[in-house]
Every structure is written in structure tokens, then in C-alpha cells.
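Next come two complexes, and both contain chain A; in the first it sits with chain B, in the second with chain C.
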Partner chain A sequence: MNHLPVLLVALYLAAALGLPLLGRNKKFPAGLFAVGVAGCGLILAAASAWHVAGTGTYSYFPGGHQAPLGIEITIDWVTVFLHLTINLLAVLVLIYSTADLSRELGGGRAKTWYYSLFFLLLAALNGIVMAFDLFNIFVFTEIGTIAACALVAIRPKRLCVEAAFKYLVLSALGSGMVLLGIGLLYMVTGYLNIGAMAQALPKAFAMYPWNVLVALSLFVIGLGTKAALFPLHVWLPDAHSSAPTPSSAALSGLVIKVYAVAMARIIFQAYGAELFSRIPVPDVILVFSTAGIFAGSVLAIGQTDIKRMLAYSSVAQIGYIFLGFALVTMNGIVGGILHIFCHAVMKSLLFLAAGAIIFKTGIRKIEDLAGMGYRMPLTMAAFSIGALSMVGIPGFSGFISKYYLAFGALAADRPVYVAVILLSSLLNAVYFFPIVVRAFFGHKEKQMTWDRLPWAMTVPMVVLAALTVILGILPGGLVRIAELAAGAWLN
Partner chain B sequence: MIAKLISNMHFLTAMVLFLIGFHTMLTHSNLIKKVMGMNIMETGIFLFFISVGYVRGGSSPIAVPGAEGYINPLPSALILTGIVVSVSLTAFALALIVKLYNYYGTVDADKIMQLRGGEE
Partner chain C sequence: MQSVVLQTVIKLLLPFIQVYGLYIIFHGHISPGGGFAGGAVMAASFVLFAMSYGVGEGFKRLPRLIAQWLESLGGLIYIALGLTGILRGAAFLTNVPEWLGQAGQLFSAGLIPLLTTAIGLKVCSTIVTLLYHLLEEGHYDSQTD
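On to the complex of A and B.
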């Protein structure tokens, strides 16, 4: 049972390598195969979660070599939480992609390549969240970066290639800084293992404060670029809005957050919450995430393209996650971790619904959405649920994470951030409600028609919308996992 | 001070290379030059890593009779991976540039921005 999480990465890597070979057969059902593999991944993740719930968290040493000489993989509650999120979303997005991809990529073998890249990305994401070794985090980050850029560039449109290049250059800058930071820390501690480093760092900090501080700032800027922390988000709107819809959902829903988790793991488990709060880095992150929350929302208000608006909204939402982490209080971190899941679910829902509208009608402009509630009632209902959750209306999952964030801000004795959360929720309403209102009450169509979408598109949307509502009403289990995860980070 | 700097020349060089690459990547509008900057930056980091593991007078980490002290092999092994990562990033970036050139007929980022105009 201990091998399950590692098998998860191996499964995805094998699928990524096998797909181009299997795809040589023209009749090979690549979409079905991809959904099957991701389904196996979800089962592995769920079994691993069940195992951890029974026997507790553990460390895994590939090849049996003990740390710090060997590589350590940690299966703690953060890993379990993220594995479940990633694989659940992957299954739903892949089901959706079987209906959508032919339109976006054209015919030929592009679909097989797409799934191959998608599995590389999944392997990297699953790897990053369980790596307990700085260099491992770096290697998985790079795999994820290349796969994510390729998932944007694969669409045969010049805008996508340009967006992917911008994404690649900024990500490469980020990874350069992360690697330099790893070098600076290795220089003064002699370890790459996060656990061993945590023990060596206080002494190293006393002797070589500059190395440790510069490394911390390099991590924050490098991983912040990849996670689109304001003002390093400039690549995000182009990349996420021009990508094929399944890529947009996965990139906005999963990829940027996994980098945020990698940063938080380095900060809380290598540096430790105590050392981290002694230097004014949390304050800097708080300022940037607050600026991101407002700037992302304000920029989203000005957008006319629906996918671009959703992309800017991601800039704002990633700000909440960093806000929670940088508060360095129990409830704040719980709120940040919860928001990873809640935002993954609702942003994927919104992207899939927007993609379904584009698939069916070709409409991308927000002003043209008037009366859409009569032409595609199911899609617009799903979109509305996502939008309400995004604003943080009680009864939807988005409310739960904001609730914990607000309590975290109070516990940190910074009530101003409660005001930030409230005000930004109002801003979210400013750009989401007009769409909903216009779609349902804009101008009445003569008669109501059903969506007539392929079932592969409706099922993921219905599941995601149901998850948003169910978790908004019964968040108990999710909150408990997030509390266990946050507890491990604060000690 | 100066003597200290000279004896730590490799660290200084690594930082200078890193900054040259960083600057090139951000300020040049020619896409090929951006990729060159990326490579210079990464070379700087590689040099930095290798310097961390270097022991003056140490021999390569193979057990041979008569060796007095070895250099640390770990950074060199890590950088092997780093080089692989950097090569794949470069290859991917160049492939994207080829595609961009086919679409826009130029490798200048500013001109591409102009051609793009208000396209959404």
C-alpha cells in the first residue's frame, strides 16, 4: 500500500510515453484510454488517502535508501489532499475533452499528442506535491512547465504560440531563480532534503544570514512567477484564455496552485513558520496578494472576452491562497488549502461552461451572452453556480474557504484583511453577476430550448456544480483534511 | 577584500553571468536573444553549483590510491540533470520560435505585438 502514490506518477509517465505509440493505430480510441488512465489515477489516489487515514502519514524512500542520502517522498495530508484534487479534476476535464478537442485541435494525431502532454503534466503535478527534496521539486517543476506550455501551444493558432512563448520565458526565469536558491541553501546547509535542511537552517541562518534570505526571496519570486502571484502574473491572461478549454481548466484550476503549494512547503517545512515570520517576508507576500486580489478583479471587470475575464479572475483567486498562507495562522492556512480545492472546482466549472458556450454558439464576447439562459439553460445554470461560489455566497463552497480566511486574518490580529476579503467579494460580484443577469433576464427568447450538448460535456459540468453545492453545505470532511494538513505545516 | 574576491572569483563570475542572462532575457525584443539569455543565465547557475562542490586540490570522486580529498560529486550530478532540463527548455523555445516565425514572419517581440494588434 505504501507504493500507491509513487505508482500514480509511474502510471501517468507510462501513459504519456505509451500514448504516441498506441496512437499510431488510426482507430485507437485515445480519449477513452485517457479517461480510463485518469480514472485509475483517481482510484490510486483515493486508495492512498484511505490508507493514510487508516495508518497515518509516512515517508517513502525509493530504493530503500534512507534520507538524507536517499530521496525522501512525503505522504502527508497536504499530499493526500492535493492528489485527490488533481486526479478528480483530471478525470472530469479529460471526459470533457473527448467531446471538445476535435473542434479545437483539428483532426489528425494532435489529440493523441495532447493526451500524452496532459499525462506528463499530471505526473509532474502529482510529483511536486509529494516531493520532500528541493531538487526533486525543481525537476518535477520543469517537467510541469514544459508540458503546460505545450498544452497552450498545441492549438494551431498564432495567438496560442505567442502566449506559450511568453509563458515559457517567464517560467524559465522563475526556474532559474529557484535553482539558484536551491544552490544557495545547499551551500550553507549541505542538504537538499527538506527535513534535514529544517534542522540545519537555524544554525546556518545565524552564520550566513544573507544566503538564507536571498534564497528565500528567490524561492518567493521564482515560484511566485510560476504561480502567477501579482505582479508576476503577466503571462497568465494570454496563456489561460487562448489555450484549448480543457487546458484552460487544468492550468487555472491546478497548475498555478501546485506551485503555490511547493512554495508553501519550502517555506513552512524547510524554513519553518517561526523563522519565516521573523523576517518580514510574510508581510511582503500579504501586500502582493492583496494587490493581486484587487488588481485581478478590477482588470477582470474591464474584459470583454469571457475566457480572458476568467483568466484575470484566477489572478485574484491565487491571491487568496497566498493571503491564507502568509497570515501564518492555523485558520488562514486552512482557508488557503481549502481555497485550492474550492477554486479548482469552481474555476474549472466556469471554464468548462464558457467552453461549452463557445463550442455550441461560438460566442466569446460577454455582451453577446444575452438570453443565453434560454438557449443553454443547463450550461448557464452551472455557470451561475460557479459564479455564486466565486463571489462567496453562503451555501456554496467558495464561502467556506473565505470564511476560514477571514478567521485566519482575525487570529493574526490583522482585521484589515477581513475587509479585503469582503470588498473583493463585492468586486467579484461586479463582474460575475452581470453575465448571469444578462443570460437569464437580458432579452427574453421566444421559446426555451435545451442545450443539446454531447453528454461528455454535460456530465463533468453537472458533477462539478454538484460538488460546489454539496461542499458548500457539508464541508466537514474537506475541512478536517485541510486542518490536518495545516497542522503539519505549522509545527 | 580584493584578495577575498579573487579567491572566490568563480562565485562572482557565476553571479555576473546570471545577471547578464537575466537582463538579456528581459530587455531584448529579439526572441533568439531571449533564448541565448536563458542559456547564459543557466550557465551561470551551473557554474555556481559546481563551485559549491569544488574542493581546492581535491581529485575527482573515484577511489584511487594516493588521492587527498575529493570534490563533492553531488552538485556535479545535480547539474547533469540541470543541463538536461536546460537543453529541453532551449529546444522547446526554439521550436516555438520557428512556429512564431511561420505565423508572423519575424522573430522580434515588439513587431509581433504590433501585428497582433487588437486580436483576441
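On to the complex of A and C.
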């Protein structure tokens, strides 16, 4: 038994609660403190991963009460993978935020509140991925939803408040559905623990098929709303584009995926892949995700605002993750899990680069970006790496996940989804490449004027860009973890 | 809404509400209720006071600063109590077996009464803070606090 994952959540909760008190001192360096706490979080996550690699996966019982009566926390490879992703991204985004937030939020105490909410969100995200109990998943989901809405609404602008309200109402609706689904399952199985439920469900399904089916559809729709699965994505473009840049990066990069993981955990581990594939839900999710991949890309093509375009692109990218999960084959799930990490890295990179451009020049319109490569070469280079990875050019991390998704589609005997992946990659190219081309070649005056950024903004971008390239060339370790994670889901 | 009848009734009711709230909090481990329910009842007393005497009077009795401290401390105490489990070599939030006492007694159940007290503090101060925000309707300037 190892306490590191629980300490991770406790650390973030304590930081979220302590910050308002510490922040009363006007000289308190909130940004530095936030980076320090997230750094500790990353160290805890890495140590936990090291421990799991050495001794294998395990379950943790807070309070010492055994399952199914006690709360179970599972530290499997999915948890490890997601913990590493979340905390790595958190550190980088928080480093970036120390330079960016003063502009977005103004001075004063809003900054400490922002960090407090950010830590609450991190505690929830880390909690959702390790909860092995439906009710704990729900509780952490609620904490995460409210913190995420507040992170959008914190900018005192009409647009942000409106977007946050939309997000709050739809998310609350999703939470209600999840709770109802949990209630329906508890009614027929008598358990909330996912492991115990998995054993009780086949019998319960034979006796009360409707309860089980309705609960499944409530989970898919409820968590699908939070994860922005295609027809339920309407809140996402407003919320992710109007939020402060660090929030956009965290919301697009991490939050929506964690709900996808929660859904996959319920589906694969409570229902079991066997029961799941007997019900035609995978086909429905496949249709939704395919529609989302195309619709998200097509809507992104039509956008003029760069952050809004990136937000629509997230709708398409979350479609890939659901596509991988719904193929219910080993390679498909590996591809979906890999895409969680790859998309988290590249979408954060793109949002941070877009934020840096807005920070320095105030330009949000895509058509005004002409010649930006000569004004901000480093930022545009990072943006280009992110864009190439999004399209899935070999040598960048986006290619690896799509490669596994394509193999998953072939293994599922559905070659049509290989075509979907290829075509959608072309669509991605249609909206990402013009920006890159315009920035570097769209300007007559090839005069170099390097607008320098604070190092706190360049370092996270450089690290993310490096990660994108390195993982594109040497994906071995990451793929290994994703395979171990997918193996746990398919058994 | 400054009415003498209302203010007098509230003045008479307040001690009873607060004692009842504390009762629910401290008996959380042996009877229905606990930190959330008791904290909400406690908060109701402050809310009623602030509504009948005006927010200004309410601030004098439970200032915003103290409400903020209680809110954070409630959560931090809970986490600290959870960590004592790890320090003793067991899982997070594990109870202290020596303190369990006899079931049904007020002083029993180890850490649980302490946990409900922490929750009560947090819930009470959170609800009061929420209400202060609503009653002020945004006139409060966060920068000058």
C-alpha cells in the first residue's frame, strides 16, 4: 500500500483551501506558490508511477474499510497514465499563467482566487481518474465541474459569464443524469463499487434489462455532455475560447478527457467489455464520434477567431478518443488513451501559443496573423509543431495515436474508420496549415522583428513542443503504459 | 426589512437554533445528522440575523474575515485529520482504534466527531459567506477588503 496518489489529492485540496488565507498578504507570491505546489504534485505522480512500475497495480482503501462497503481507490495503469498527464500539464500551464494572468485578470486578489480554483480542479481531476466507486466519481465530477465553470467565469467580461453559465447549466444537467444512472444501477445491483458491480451486473441485466440499459444511456449522455461528445458539445466553443488562456489550455487539454476516461472506466470495468459489446452502444458512440470528428473540423474551418477555432478542433479531437474506446479492440483503446496524452500536449501548446500572440499583439483574428512568423518566430514555430502534430504528420506525437486508432479500426473489422481518420486528418490540415503558411509566407516585408516574451511563457511552449517531437520519434515508453492501461480495461 | 416583531422573535430564537445546530454537529456520529446538517442549521441562525437586522449588523457579529478563515480551516482540519491516519502507518482517514470507546456514547467513535466538527465549521461559514454575497448584490468591492 502506497499513499502517494491520495497525498496528491490532499495536497491540491489543501493548497486550494490555504491559498485564500495566504493570499490575504498582498505581497504573497501566489504564482510561485502555485508552480511549487504543482511541481510537488508532479513529483508525487512520478513517484507513484515508479512505485507501480516496481510492484504492480494495487487498490487503496481510505479509512481501512475493505470494498465493497469501503471506498476503493484503484491505482492501475490508467490512473498512473492520467496522473502523469494531468500533473505534467498543470506544472507547465501554471508556469505560463504566472506571466499571463496579470493581463487577463488585472491585479489584486483575483489571481489568488484563480489559483485556488485551479487547484480545486486539479484535485477533482486527479480524484476522478483514481476513483473505483461510482459515487466518488460523481462527487469529484461535481467538484471539477464547478471549479471549471468558475475558471471560465473569473474574467469579469459579459462573454465569459455567459459562456460559463451555459457550461454550468449543461454540465449540471449532465451531473443529474449521471446521478440518476448511478441510482438505477445501485437499485438493481446493491453496490456502488465498480468491481463488485461488475460481478453483479450480468445477473441484474437478465432480471432488469431496462434499468441497466437506461443507466448506460444516462452515463453516455451525462458524461458525454461533460466530455463534449459531438451533439452535446454546444457549450465547449464559448467556454474554451472566452476563458483566460491557462484555463483554456487546462479545460481543452485535460478536463474533457478526464470525463471520457470516467465514462470508459464505468463502461469497461462496471459493465465489462463483453456486456458492453452485446448492447449496441459502441455503434452509437462510433456514429457520434465520427460525426463529431467531421463536424468539429468543418466548424473549425469556418472560424475567424483563433481560440475559437482551437476550441472547435477540440470537439473533433475528443471524437478520436471516443472512437478509439468504442472500437473495443486493444489497439483502438491504446490509440484512444495515447490520444488523451498527445492531444493534451499539442492542444495546450496551441492554446498557449495563441495566448502568447494575444498577450503580445492583441491579435485574435486568423487573417491578421500574416507575417506573425517574423514578429514572434519562437511562438509561431511552436504553433507550427502543434499544428503538424494535430494533422498527424509522421514524426510528431499526433501521428502515433492515429496510427494505433487505424490499427484498432482494422482489428475491429471496420476499415471505414481508417478512411474517417485519414479524411479528418486532411480536414485538420485545411484549417491549421493556412495559419502556418500565412504566418511565415503571407507577408511581403520579410523583416525580422523579434517581439520577446517573458521566459515564463516561452519555457512551457518549448517543453511542450519538444515533448510533441520526442514522443513522435520515440513513443515506446508511452505506448507501453497505454497498452498496460488498455489491457486492464479489456479483461 | 427592519421590523421590531421580526427582530425580537429572531433575538429569542437565535440561541435555540444555535444550540440545536451544535447538538446536530456533535451527535453526528451517534444519531442522524452530522456536519453538513448541523452546519446548515448554524448558518441559518446567522442568515436570519443578517436578514432581520441588516447585513451591516451581521458583519459585526460574524465578520467576513473570520468567515473566510473558518471556511479554509474547516477543510484544512479535515485533511490534517485524514493525514494522521497515514502518520500512524495506516490508510488515509483511518480511525484511532484506542479512541473508539463505547458505541452510543457522546465521547466515542475516535476521529469521527472531530471530522463532523470540521465539516460543520466549513459548511456554516460557506453558507454565511454565500449569503453575504447575495445580500450585498455585488456592491462589495473585492479589492478593498
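Quick note on the criterion: the second predicted complex is superposed on the first by the 487 of 491 C-alpha atoms of A that agree within 3 Å, B and C clash if a C-alpha of one lies under 4 Å from a C-alpha of the other, contacts with A are read in each partner's own complex, and residues count from 1 in each chain.
What we mean here is this: contacts are C-beta pairs under 8 Å (C-beta built on N, C-alpha and C of every residue); 3 or more make two chains touch, one makes a residue touch a chain.
Nothing here was measured: the structure is a model prediction, and the numbers come from that model.
Colleague: Based on the superposed arrangement around chain A, label chain B with chain C as either clash or fit.
Modeller: Superposition result for chain B and chain C: fit.
Colleague: Considering only the touch criterion stated at the top, classify A:V328 as touching first (chain B), second (chain C), both, or neither.
Modeller: neither
Colleague: Which of the two, chain B or chain C, is in touch with more residues of chain A?
Modeller: Touched residues of chain A are more numerous for B.
Colleague: In the overlay, answer first, second, both or neither for which of chain B and chain C A:I337 touches.
Modeller: A:I337: touches no partner chain.
Colleague: Just chain B (first), just chain C (second), both, or neither: which does A:G64 touch?
Modeller: The second partner, chain C, only.
Colleague: Quick one: is A:G176 in contact with chain B, with chain C, with both, or with neither? Answer first, second, both or neither.
Modeller: In the superposition, A:G176 touches chain B alone.
Colleague: May I ask you to decide whether A:L17 touches chain B, chain C, both, or neither, giving the answer as first, second, both or neither?
Modeller: A:L17 sits against chain C, while chain B stays out of touch.
Colleague: For A:R158, select first, second, both or neither according to whether it touches chain B, chain C, the two together, or no partner.
Modeller: first
Colleague: Just to be sure I read the superposition right, which of the two partners does A:V78 touch: chain B = first, chain C = second, or both, or neither?
Modeller: Neither partner.
Colleague: Please compute the chain B to chain A to chain C angle from C-alpha centroids in the superposed arrangement, rounded to the nearest 10 degrees.
Modeller: The angle comes out at 40 degrees.
Colleague: Using the touch definition from the top, say if A:Y186 reaches chain B (first), chain C (second), both or neither.
Modeller: The answer is first: A:Y186 touches chain B but not chain C.
Colleague: Regarding the shared-chain residue A:F135, is it in contact with chain B (first), chain C (second), both, or neither?
Modeller: first
Colleague: Between chain B and chain C, what is the shortest CA distance in the superposition, whole Å?
Modeller: 7
Colleague: What does chain A use to touch chain C in their complex?
Modeller: Answer in residue numbers: 1, 3, 6-7, 10, 13-14, 17-18, 20-21, 60-64, 108-110.
Colleague: Residue numbers of chain B touching chain A in their complex, please.
Modeller: Listed in rising order, the residues are 18, 21-22, 25-26, 31, 34, 38, 41-42, 45, 48-49, 52, 74-75, 78, 81-82, 85, 88-89, 92-93, 96-97, 99-100, 103-104, 112, 116, 119-120.
Colleague: Help me check something: in the complex, which residues belonging to chain C touch chain A?
Modeller: 68-69, 71-72, 75-76, 79, 82-83, 85-86, 90-95, 142-143, 145
Colleague: Mind listing the chain A positions that touch chain B in their complex?
Modeller: On the chain A side, the touching residues are 135, 139, 142, 145-146, 149-150, 153, 158-159, 161-162, 164-165, 168-169, 172-173, 175-176, 179-180, 183, 186-187, 192, 304-305, 308, 364.
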